[in-house]
Amino acid sequence: MNEDRPIDALNNSRGSRVLLKLKNGTEMSGTLKAHDLHLNMWLGDVEIKKEDETTKYKNMLIRGDTVLYIIP
Amino acid sequence: MNEDRPIDALNNSRGSRVLLKLKNGTEMSGTLKAHDLHLNMWLGDVEIKKEDETTKYKNMLIRGDTVLYIIP
Amino acid sequence: MNEDRPIDALNNSRGSRVLLKLKNGTEMSGTLKAHDLHLNMWLGDVEIKKEDETTKYKNMLIRGDTVLYIIP
Amino acid sequence: MNEDRPIDALNNSRGSRVLLKLKNGTEMSGTLKAHDLHLNMWLGDVEIKKEDETTKYKNMLIRGDTVLYIIP
Amino acid sequence: MNEDRPIDALNNSRGSRVLLKLKNGTEMSGTLKAHDLHLNMWLGDVEIKKEDETTKYKNMLIRGDTVLYIIP
Amino acid sequence: MNEDRPIDALNNSRGSRVLLKLKNGTEMSGTLKAHDLHLNMWLGDVEIKKEDETTKYKNMLIRGDTVLYIIP
Amino acid sequence: MNEDRPIDALNNSRGSRVLLKLKNGTEMSGTLKAHDLHLNMWLGDVEIKKEDETTKYKNMLIRGDTVLYIIP
């Protein structure tokens, strides 16, 4: 891992499931297909859980500035 | 897909319907006509759903910094 | 339309009425006289509707970072 | 008017009274003495109205990022 | 006064008392010792008034992005 | 320590536990594996405490603009 | 003091106690060990007071954009 470029470590998660926590509290999971240095991400097979409900989307482009953290 | 430029993947959605979720919670759908790297978008045949009401606009320019995610 | 520059499409609205929705929820309409890439806009014959009241201004300069979307 | 530089149109208001609406809802009026592209402004003979009270200041420097719109 | 550089007009207030209003509503006064283009300021003999209480500080460095306006 | 580059001092915490306080009030601890100048961080063995509950994650990428402070 | 670079005046506080007020209202004191132009700071022997409670940390890296003002 390049210790000065933490976002590069996301490269190892390409094609794998990641868990996302957004600044507004939303949690979602998806398959990471692409990302850039702003944490803009292209996700596949997304699931957004909210209380008892789960919403599913085949693909999603998420704006990086809304992200709190990413769990690979 | 260029894995380092997730926003480029929106090019495949030109002319197709996309679903938008904004940071203020608003959901809308429209036909993607143009977009840039800030996610500023030009949309056609927009529908904004709010509870039981649907508002329709023929065209809309939306400011990218208000976007949470885009579903192609 | 240049598909990579959605804001340029506003050029076609110069001299026409546009509807604006701001991030604080305010809606207003006006004649678009000038705009830049930040969506700073110079508007003429502005009407701001708020419940039953309408306030009118002959000219207005609006700061682009307050804009949610523009309806041409 | 240069249609790509809406802020330049404020030059015509130098020495005249302008009405300001700030993002926090405050309204004030003053004589525009100087401004820059961020909408930082130097105002003279400022009046801030708040319910029944009016506060007056001989001069004020206002930070541009707090501005919602300007009425010349 | 250089009409395109309103912040430069603060130079005339060096060594004088200024009144500050911050974005969080706080009001304070102090002697302006130094400032930059972001409105970062070094103030002397600062007084912060809050209801009936006045807090005094000999020196203060204030971050410019918290400033709403400055009264010279 | 380079006194003009406080973030560089985090280099001494590589491989050690750090405590994080986020702007939304969340507290978490983890092993610092990588960081950049925006305070984007890659953490291992993360524990998020919230009242009586502790959530654990093996790895986490956290967006730097959500950080309030870091305790090495 | 360089009047155009107010943040440089913090150099005189290296090794001394400073009082910090954050944008979220938190007050803390510490020994200033390092700072940069964004007001990122490395502090030693930090004390955070909150009502009757005082929390102490041996070292802290604080993100500059959370700072309201600094009292040397």
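To keep things simple, chains are lettered A, B, C, D, E, F and G as they appear, and every chain counts its residues starting from 1.
To be clear about the criterion, a residue touches a chain if its C-beta (ideal position, glycine included) is under 8 Å from a C-beta of that chain, and two chains touch if they have at least 3 such contacts.
All figures in this text were calculated on a predicted structure; none of them were measured in a lab.
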| item | value |
| --- | --- |
| Touching both subunit A and subunit G (chains) | F |
| For subunit B paired with subunit C, centre-to-centre distance based on mean C-alpha positions, whole Å | 19 |
| Separation of mean Cα positions, subunit C and subunit A [Å, integer] | 34 |
| Interface hub residues of subunit D, defined as touching at least two other chains | 65 |
| Circular arrangement of chains, read from subunit E onward through subunit G | E, G, F, A, B, C, D |
| In the complex, subunit F residues that touch subunit A | 14, 22, 24, 33-36, 40-42, 57, 59-63, 65-66 |
| Residues of subunit D defined as touching subunit C within the complex | 1-7, 9-10, 23, 39, 64-65, 67-72 |
